[in-house]
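You will see two complexes here that share chain A, one where it goes with chain B and one where it goes with chain C.
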Partner chain A sequence: MIFTSAGFIAAVIIPAVLYYLLPKKAQWPLLLIASIGFYFAADKRYLIFIFVTFLAAYICTILMGRIDLKTKAYIDSNKDKITKEQKKEVKGRAKTRKRIFLIIGLIIALGILCVTKYTNFVIDNINLLLKDGSKIREMNIIVPAAISYYTFQTCSYVIDVYRGKTTPQKNPFKLMLFVSFFPLLVQGPICRYDDLAPTLFGEHKLLEKNISTGLTRIIWGYFKKVVVANRIAPAVIALTGDTDTYKGTFVFVAMLFYAFDLYCDFTGGIDITIGISKVLGVDVKENFNLPYFSKNIKEYWNRWHISMGTWFTDYIFYPVSVCTPMLKLSKWSREHLGQKIGKRVTVYLASLLVWFTTGLWHGPAWNFIVWGLMNYVVIMASQELEPLYAKFHGKFKVKDKPLYGIFEIVRTILLMSMIRMFDCYRNVPLTFKMIGTMFTKVNLKIFSDGSLLGIGLTAADYIVLAVSFVIILTVSIIKNKRGHVISDNAFTLRYSLLALLLMGVIVFGAYGTGYDMTQFIYNQF
Partner chain B sequence: MEELIKILKDLHPDVDFDTCETLIDDKILDSFDIVSVISEINEEFDVVIPAEEIIPENFNSAKALYALIKKIEDED
Partner chain C sequence: MKKKIIASILIIIFLTGGLWFLQRLLMPKYQGKIVEGAMIEEYYKETEGHDVLFIGDCEVYENFSTMTLWEEYGITSYIRGSSQQLIWQSYYLLEETLKYEKPKVVVFNVLSLKYNKPQKEAYNRMTLDGMKWSMSKVNDIKASMTEEEDFIDYVFPILRYHSRWQELTSDDFKFLFEKEPVTVNGYYLRTDIMPQGEFPDPMPLDDYSFGENAMMYLDKMTALCKDEGIELILIKAPIEYPYWYPEWDEQVSSYAEENGLTYINMIPLSEEIGLDMSHDTYDAGLHLNVYGAEKLASYFGQYIVDNYGLEDHRNDPKYTKIYEEKIKLYNKMIEEMNNITEEE
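Showing the complex of A and B:
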């Protein structure tokens, strides 16, 4: 089910109305029913997968919680009888037992993800090595919707309970709601239990502020998705689908179009998620912080898909970087390779693993893996070039000049957009080839000879896109300067803009015949 | 404390680590810096900072980080 379908809109409006009519105690159970109904409507077979992931997480975390309680009770009742060493030993044994349940919980959750999403990818790669007669047949496996999102969300909960950061949720129905909260089942964000739980299970009064800010956010999201992303997506498909016709400067145009398309599609979808949650009184953390204002790729990844980036940092990058074998490797490499290189080894290896898995998380295909590795290469290269940048900035005092800032922003957008072409062409050698033609087959005539009117966009579409671009850029600049766009108390302004935006979505939205109500791009990941 | 300040100064010579209490909040230390610092602490203090202790409260100031090192040393 997608945000723009009538089914989804009904599935949101009905529970949202009931939510405030029913007694407050019934609010979170209603959300659970709505979430299960939402997932059931998407495909009833999906339910078994999400249920097994939830059940494993529930049992494992409850058992981990029991171990913690028993250990604490033992230490408290024997605090005068046991030595510091014995206390350490008791804690160590408890941690080992907890680790068993952590591993079981993670194997079940990640196992389901790997089997459903990656089995055929593994088979395809094995087949590359086999002769024609001995090839393995691909398996007919369903990939449950949003599995990457809810699996990561559940894993973060299991790990946080293991780490003692989060208290295990004893009520299985509440945990099931955390795993399956329906606005997050479209394209995330990947929420942490401690961030989401207080408002997800809380009792909410009908507040004008929640409704108005939530609705504004929803309509703003629909504007980005329906007016921009849906309109520009067919052009991106046309430009990247016919590689014989659309090469050279067309690739550059496709690159910029896809940058705009993906931004509006993903941030628009997340706006809708955050907006729906807000209407229900549930606070979902922001997933973006004006990513296209980033001055380098490292900064970009701190501002784009924040929940995924922090997930990989907290649960892969840090644990891998600071595990005992890595610390030993760091020590060894400092002694044998020198301080300069030795210091970098662990960071480089852990980052390589992070970017490989980030690529794989996006999809079971080599183009995603190479996309991840390209990000890794650029981030590491810029890390290595830092002394050179420092020298440059020491010589030329341009760092704080607005024009240089704009240059850095444009450079980051272009670099990120180029790497993203692996996502569009879905073929690694072809992507490299097409990017190459951008430099070897420059043809500026395409901007004046009408070629860009033959890719599914009319002159009117270009005007709508240009005006939308100006609106989105203006809103972003205001947000960047003031931290917010409309103050909470500006009711008249908020409702006037809301009405204008709604009209914009209805009048200029790209739907109906000729437009595929495209799925969200990030929904497939 | 002096050894810790020296480790931090090697990474960012221009930062006043004696007074700064927003090393993470103001993005002065990034994830690469944190891993580098942990690895140096391991060598200098023979203390292993586990991943679960990598939270802003423990890394926002040299003082907080030093307190963490002492806490882990005590537990050991």
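Showing the complex of A and C:
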């Protein structure tokens, strides 16, 4: 179900109204029913996958919790009888037993994800090595909607319970709600149990502040998604779909269009998710923090898709960096390759794994993997170049100059946008080739000869996009400076602007099929 | 708190008022070359009932001059016609019209029996957008929607027409609140002449039976008219193309016989009616122009007067003034149309 479908809007409005009409105790059960209904409406076959993921997580975490309780009870009752070492040994044994359930839980959740999403990718790659007659046939597997999001969310819960960071949820229905909370089942974000649980299972009064913040986010999200992303997406498809015609400067245009499209689509979607959750009194953590104001790629990744970035850091980078084989490797490297290189080895390897899996998480294709690796290369290179930057800034005092700041921002946007072209062309060699033409086949005439009117955008569309760009930029600048755009106290101003924005979304939104009176052929009735 | 309540009310009024205005602005006005979408809503301006109600597609609204029926026989009539009006649309329009008046005779053109399922959104819109909200409209929408359509788009047409902001013309502002009449009692007249040409040979069909859905609505229409004590006449207008197969004709004849209805296939009666298709059609034989429509109305008027004993209202003060105005409008339309034809 997509955000702009009538089904989605109905699936949100009905539970949201009931939510505050029913007794407060019925609020979270209602959300569970709505979430299951939402997933069922998308495709009833999906339910089995999410249910198995939930069930495995539930059983494994309950068993881990029992081990913890038993261990604690044993230590408490034998406080005076056992030594520190014995206590440590008991805890160590408990951890080993817990690890079995952790592994089972993760294998089931990630196994479903891998089998449904990556089987055919693996088959395709094996087939590259096989002769024509012996190729393996692709399998007809359905990929459940939002599986990457809910699987990672569930895994984070299982790992946090294993780490003792989170107390296992005994109520299976509550855990099922955490796994399947419907606003998150479209575009994420990947929420952590401890962040979401307090408000997800809490009882909520109808608060004007929640409704106001929620509605603002929802309408703002729809503005970005429907007015901008939906309008510009066909142009991106046109520009990247015909590589013979659209090369050189067209690639540059496609790159900028896609940067705007993706930003509005993704941040708009997250705004809607956060807004809907807020209306229901549920706090979902921010997933974006003005990413296009980042001055370098590292900062960009701290501001873009934050929930995914922190997930990979917390559950892959850190555990991999401190795992026994890695520590051994680190020690060996320092001894044999010297301190300078040695201390980098583990960081480089762990980062490589993070960016490889980040790429793979985005989709079962080499273009995503290469996209992830390109990010890795750029981040590592900029890290290595840091001493050089320091020297430069030592010599030229430009770091605090506003113009240099703008240069850094533009540089980051262009670099990230260029890497993202792998996502557009979905073909690694072709992407490199097309990026190459950007520099070899410069043709500025396309901005004046009307070529850009032949890609599914009319002059009026460009005006809407330009005005939208100015609005989004202005709002972002204000938010960056003040932390908020309209004060909570400015009731009339806020709702008047919201009403205007809603009218703008309805009229200027790119949705539905264009009404074309020319389709009436007079002599056919 | 009081301030907030007042502000909320004002903002809600601003939002709903704004959306209402924008919806009116963005909806097609059908006041230019394509006028068919404006026909259905014109009916609600009628102040008096009618003896005869025509329902159906262009084979009624372009072929029967309602003013000739008045001038020659004193018959008050109205055509609730629209482009490619499907039989369920005719049924629900009839059902809706009966809430406003009770005609003595209902005339239904049977060409639409050939359609058993929803066809095109554009035609649906031209029939349904103009209807006032009632259960008839709700059921009509449900019966008419193609797979790509959403009910919500009929409830809030702005969701469907929003993209017209790029195509707004001065007409959209001019006819924002008041439209000019495009028909006289549902009759859309044309004065241009284009002689009938050669029609392509009829394509043989796999199955000549009318669909179950279409026949179900014909049953409903028959039952409704019987329940209301209204005479239902089935007609096939004297137009040869689109082709009216003998197999279809037989089915309608049998149906009429079984249900005690009158069925008149006017195609073989063309000569008797006095139609000269080298002069009486404006689009090479697909539809009649005003000269043909007047001849057909004259012929059909005589038939219903003879067979259904309709009262002559020409001296009825309730109608004279109203129809005086309508005749004026009719003549004005002929004059304007002649001017357009001459200019072209």
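The rule is short, and it goes like this: the second predicted complex is superposed on the first by the 513 of 525 C-alpha atoms of A that agree within 3 Å, B and C clash if a C-alpha of one lies under 4 Å from a C-alpha of the other, contacts with A are read in each partner's own complex, and residues count from 1 in each chain.
Methods note: contacts are C-beta pairs under 8 Å (C-beta built on N, C-alpha and C of every residue); 3 or more make two chains touch, one makes a residue touch a chain.
Computed from a predicted structure; not experimentally measured.
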First, second, both or neither for A:403, with chain B first and chain C second: neither
Partner chain(s) touched by A:492 [first = chain B, second = chain C, both, neither]: second
Touched partner set for A:506, first chain B, second chain C, both or neither: second
Which superposed partner A:129 touches (first chain B, second chain C, both, neither): neither
Partner chain in contact with A:444 - chain B first, chain C second, else both or neither: neither
Touching partner for A:21 - first (chain B), second (chain C), both, neither: neither
Which superposed partner A:298 touches (first chain B, second chain C, both, neither): first
Residues of chain A touching chain B in the complex: 88, 163-165, 298, 302, 313-314, 317-319, 321-324, 327, 330-331, 334, 343, 346-347, 350-351, 383
Of all residues in chain C, those that touch chain A in their complex: 4, 7-8, 11, 14-15, 18-19, 22, 26, 28, 34, 36, 57-58, 83-84, 120, 122-123, 126, 148, 150, 152-153, 158-166, 283, 286
Chain A partner contacts - residues on chain B that touch it in the complex: 27, 30-32, 34-36, 38-39, 42-43, 48-52, 54, 75-76
Residue ranges of chain A in contact with chain C within the complex: 6, 458, 460, 491-492, 495-496, 499, 502-503, 506-517, 519-520, 522-525
